[in-house]
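Same chain, two partners: chain A is paired with chain B first, then with chain C.
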Partner chain A sequence: MSWRFQRVPTVPAGAALAGRVGAILAALACVAAVLSLAGLAPARLGAEVIGSAFGSVAGLEDLGLLVTPLILTGIAVALTQRIGLWNIGGEGQFNAGALAATAVGLHAGGDDAWVLPLMALAGAAGGAAWILVPTLARAFAGVSELITTLLLNFVAALLVAWLCTGPWRDPSGRALATTARIPAELPPLGDTLHWGLPAAIAVAILAAGLLAFTRFGYEVRIAGANPGAALYAGIPVRTRIVAVMLLSGAVAGLAGTIELAGTVHRLQGGISNNYGYLGIMVAVLARGSCLGVIAGAVLMAALLNAGIVLQTQGVNTSTVLAITGLILLFTAVGDEIVHYRPVRRTRILG
Partner chain B sequence: MDLITGILSTALLAGGVLALAALGEVLAERVGVVNLGVEGLMSLGALTGIATVAAVPSPALGFAAALGVGFAFGCVFAAATVLLRANQVLCGLALTLLGSGLAATLGRSYAGAPAAAVFPQVAVPGLADIPVLGPALFSQNVLLYAIYIALPVGLHLLLFRTRHGLNLRAVGESPAAADAAGIPVAAIRFWYVALGSSLAGGAGAYLTLAFVPSWSEGVVAGRGWIAVALVIFAGFRPLTAVAAALLFGVITALGFVGQARGWPVAPAILSMLPYLGTVAFIILPVVAWRRLRGWFAAPAALGLPYHRDVR
Partner chain C sequence: MGVPLAFPPGTGAGAAPGSPPAIPPGTPALVELQGITKAFPGVLANDAVDLTVMPGEIHALLGENGAGKSTLMNILTGIYQPDAGTIILDGYARALPSPQAAIRAGIGMVHQHFKLVPAFTVAENIHLGWSRTPWRASAAALEARTRALAARFNLAVRPDAVVGDLSAGEQQRVEILRVLARDARLLILDEPTAVLTPAEARELFAALRAFRASGNAVIFISHKLDEVVAIADRISVLRGGRKVATRPAAGADERGLAALMVGHDITLRRARPRAAGTPVSAAPVLELDRVCARDDRGLVALRDVTLALHGGEILGIAGVAGNGQRELSQVVTGMRRVAGGAVRIDGRPVARTGAAAFAAAGIGHIPEDRLRSGLAPDLSVADNAVLREYAGPRVGGGGLFRPWAAARLARTIAADAAVAVPDFGMPIRNLSGGNQQRLVARREIRVAERVLVAAYPSRGLDVGAIDTLLSYLAELRDRGRAVLLFSEEFEEILALADRVAVLFEGRVMGVMPAAEADVETLGLMMGGRGARA
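This part shows the complex of A and B:
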């Protein structure tokens, strides 16, 4: 009698969740091991991180500021995941959105009540415009969207850096390498938090509703699950791909707008702060579920916050990026491992 | 004259970095594994090279160490994607985040400082004196000739002129058929992915020991992604991959020369050229020559994990 592992095609939700939690814990254990080898005390650092994020109202508000863009960039990735594609250009669309919103915010004077919606519209349009070429190439020429969306991230970052050190530089000369302060601001919600967080949560709920309860969402899910069957059933797969990718870009652009109008207030290089890349992680953690993205964003924000709190200990945003990569690796492996069941090998013929 | 020599010389160096990484990716993709971790592997290799020459001033040792680090991380990636059959896109992105983040964290003390030792330029007697072309083509470091001639020709012969090459292409086209024919699918995938990753690590060290030559956070600047794109543009072939890399070297060099000469274009716009060029070059061939689609076709099993027990 011997045992072997057999792959099962579908996994119950409970086992999948257990795999996720196990993978994250295993990755964090790896990080803790490395930190203690480097002479740091991981337990004390962990307590410090959790205390600073969840221990006070101010900490929670700071966490909320990080959660806001992560929900939106996570939704941007989750949307494309549902139709079987990867938008890994959220970073670029975030920048493009912030850029377009800045153009409106700097030049359209007047009441916040109409400047802010205009900025949001411009930001969404900017994000959608940034993904337009990869979208058309994917839908009509079958060019992998992975690389085209990613490469445009670098172009957007260069464009933003150039605009805020060159043509759009703060004319007062007081701030270096940024534009002037945008007069329009999102209304505050507490001390540092602003209405961007509820707006981001609303977008997540809207996206979940769109996918779950509309004909459009149904067609998108079918096209993602089985493009051949979708075509056979008369679903216009190409049109759906175009719509979903542009929507995804618009949401990432909106993330840039909200970060600009609520948190940063000036366009500057590095405004995107890796939110676009971390959004991939958020969407993966959420398994493409739009409401799950909110939970994924909180987890990711706590990690980012750890990078900020532990700066004096030699941990920084790059370290957080590395830890994110490790969690992603363990998650990918964990997702596959939960497919295996030990089965007893029975001997045929006596 | 100086202008052409400068462009050619820079193009060869910039293209060499891309060529090395692209050749590694050709190996991985030919056996059916998409490795999107090239960017991270290059970051790690770049740091390894700099850190090694800071301790022992030997660029060859630095390059070898980067090959080793690339190989080690490639083994981790291959273990996850080939042995455990995890999602290749996710693992690749994870490797990119992990590699870039790790290199930036560990490399802070090396940031900004020039490399302690760089690959020396060796003038080929006689040929180096040819006007215009001589200094660009025949007064370069030795590794450049390996990257542009020995390695691609060797890989081309291996892939297309040997039985082993046929086997490894079969693994990328139809692992089930290869398995049935007795070819060890998992072993071939594992070792070639690790070998390809090793070249990506080497490309990073070549960047910081011959081309830039210094370390800073983000020194790789998307070259790993450009290399992945080049492989598609080159139809998954080593010789065309190197030619394509040289083309991108020229585009990069034009940007540098433009900045140095004060062309009336913003430097930021010139810096965008390689990225925009890459996007254009992976879209255009598919649109322009539909009949040539077969030539550009990816290995049939690219990106698909192979499960012997699942049909």
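This part shows the complex of A and C:
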């Protein structure tokens, strides 16, 4: 008599949530063990991390500034996940969006009330343009979007670096490797926070609504859940793929625009701050749910914030990255583990 | 082509070329499988299968798609490990933990879909993954070695040709040479003639007889009865994962084999006579005019199929699985483009192609594989229930999708199907297979204003659920709709259909009234014999 594990196809919501919480706790326990081995006090550090993020209005506002782009890049990934694809190029589309918005912001003078919408449009268009080639290659030639979207990230980053050290460099000469400050600014919402956060939350709600309450969303969900069923029902899968991927690029481009117009105010190298890649983790944590992306973004932002605090305590950035990686790894493992239950092996005799 | 294929006579020298060699009594079987069992999640692919292959034998393995032939051969070639059972080679029990171990044991397989690298030359393919490939392998050296091998086995191949440029028959010869070069004594061929012209098939058979004459053995997988009877010494039939019979080919009749393959031990179903006064429409609602179509691999799957379907009748499509049924069901529901000929609904060619247009024209479709194409298992019962009507005014309209309206429609469909659904928001895969199928059937009956295409509607159901489903079909017929019923069970077709058409290799072998059809005639036609009725 022996035991083995049997896979169960569906997991009740309670068990799934317990798996998540357990995974995050296990990851934090690992982190605490490593930190104490390094001679630090995990409990004190933890208290400090929580206090700095949630203990003051300024801390919460800083958290909000991190949440904003993460929601949008998370939505960009979650949208493509629903049709069964992976947009790994949020980073590049973020940069392309910021770049396009900068072009408008630097050269279109006038009232914020019409410059800002124009920048948003340009940013969304820039993000969509950056994913255009991977989209067409995926839909019409079956080229893996994983590779194409990823590789374009580096192109976008280099393009931004070249523009802000070359043609668009701040003519005043006060700042190196950045453009001049863009006159148009998102209206503030507190000291540092701006209206980008409500806008990002609105985008997440709109995306959830698009998937749940429109014919387009239904067709996307069918095509993502079972392409065979989409063919059977006569759903034009190719057209839907093109639309979803362009939309995903546009949302990532919008993230770049909001970061530019609300937080950074200048185009500079590294403006994307890995938000595009972190969006992938946010979407994975949210299991592809658009509203779940908001919660995933808050968790990710808290981790990033913790990283900043830990750095002041002498923990280096690699450790911080390792912590986020551990949490993602444990979550992925936990999501699988809840699918298994032990059963007694029944031996078939030959 | 045109080069004769022959194997040099080996141990069988003295016997007439091509005839089975005399095997001394007491010679152990080349391969003996005992009680091979292999389960995959949800399916028992092989259930205590015994199979004995003697040296100097061509052993045919018959069975429908999904009967377990491929699993059994994958176990024999070391790709899968059996859950239970023993493999005995030349009298010694052996484990075959890997494909390499099987090759070392002298077992080689030529798969139906060739495992060659199209961009490589013939010589490179022959030497790929072979321990005897010289370490310094120049193209010229490999080609010289290939030429020598080709001469030794008398298989005409061009060593420098790129495989992607070769015909299917030539590629198959490369595959066979690849296997023989590795000193195979047992050659397994999976549907080898499916891609061959008749002339190529004759050459293959000659080559197999020569191979047998030198004391080697062949396992020949097919579902073409005539060629199996022609080439094999013995025939084993698998059905539903079990071996149901092994017979000598001499004296085997195709009719009996067909019955063994599809299973004759199914109880005769209750006939459902048409209600009095339900006329069959004079004009056909659905016509196929010399329709040709290709399968997913681009091979011709339907050849000049001409059928007419009238309102108020059930037309049964009989045939051994894999003879074009899948493609036919897809063509009449708009899922597959025709390569030639025309599909007409109410006498008019279909204006728009595509499954949605066909459904809108009143053609419902219970697909062969519910889970793979009829449903999205991860989505909710409600989402799945509205797959045909999501764009319509009840659920959609104005580009919207109303989940609450979808749930309401799903409740209606579930009530029609008499399926109790505790929660319409749960994934549909939580329902039993029978309930999923009832929901699909009811969903499709709603759109089947003209025709219902029902592909194997009773497959995987218990007796009660089958009865319900078949009564749905009879009910549709009585309402003047047309039903195209694909089935692998004679009794089901004979009990329900008004006329029967038999498909063989993509052709309609004949159409006859069900009242005049008998199992023997159908069996012969399914095996490719029989004149057009």
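Everything below uses one rule, namely that the second predicted complex is superposed on the first by the 336 of 350 C-alpha atoms of A that agree within 3 Å, B and C clash if a C-alpha of one lies under 4 Å from a C-alpha of the other, contacts with A are read in each partner's own complex, and residues count from 1 in each chain.
In this section, a contact is a pair of C-beta atoms (placed from the backbone, for glycine too) under 8 Å apart; a residue touches a chain by one contact, two chains touch by 3 or more.
Small disclaimer: the values here were computed from a predicted structure and weren't measured.
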**Prompt:** Overlaying on chain A: chain B and chain C, fit or clash?
**Reply:** clash
**Prompt:** Is A:215 in contact with chain B, with chain C, with both, or with neither (first, second, both, neither)?
**Reply:** second
**Message:** For A:171, using the defined touch cut-off, is the partner it touches chain B, chain C, both, or neither? Pick first, second, both or neither.
**Reply:** neither
**Prompt:** First (chain B), second (chain C), both or neither: which does A:231 touch?
**Reply:** second
**Asked** Regarding the shared-chain residue A:109, is it in contact with chain B (first), chain C (second), both, or neither?
**Response** neither
**Message:** With both complexes overlaid on chain A, does A:320 touch chain B (first), chain C (second), both or neither?
**Reply:** first
**Prompt:** Which of the two partners, first being chain B and second being chain C, lies in contact with A:342: first, second, both, or neither?
**Reply:** neither
**Item:** Touched partner set for A:39, first chain B, second chain C, both or neither
**Value:** neither
**Request:** In the overlay, work out which of chain B or chain C sits against more residues of chain A.
**Result:** B
**Asked** Is A:14 in contact with chain B, with chain C, with both, or with neither (first, second, both, neither)?
**Response** neither
**Asked** With the two structures fitted on A, what stretch of chain C runs into chain B, 77-85, 275-283, 329-337 or 401-409?
**Response** 77-85
**Message:** Need the overlap of the two footprints on chain A, from chain B and from chain C, as residue ranges.
**Reply:** 7, 9
**Message:** Taking the touch rule as given, give the residues of chain C at its contact with chain A in the complex, in rising order.
**Reply:** 34-37, 39, 41, 48, 82-86, 334-335, 354-359, 365, 367, 369, 372-379, 383, 387-388, 390-391, 396, 399-403, 426-427, 429-430
**Prompt:** Which residues, counting only chain B, touch chain A once they are in their complex?
**Reply:** 36, 40, 76, 80, 84-87, 89-91, 93-102, 104-105, 217, 221-222, 225-226, 228-229, 232, 266-269, 271-272, 275-276, 278-279, 282-283, 286-287, 305, 307, 309-310
**Item:** chain C contact footprint on chain A (complex, rising order)
**Value:** 7, 9-10, 212-219, 221-222, 225-226, 228-229, 231-235, 347-350
**Request:** Using the touch rule from the top, collect the residues of chain A that touch chain B in their complex.
**Result:** 6-7, 9, 86, 88, 133-134, 137, 141-144, 146-148, 150-155, 158-159, 161-162, 166, 277, 280-281, 284, 315-316, 318-329, 331-333, 335-337
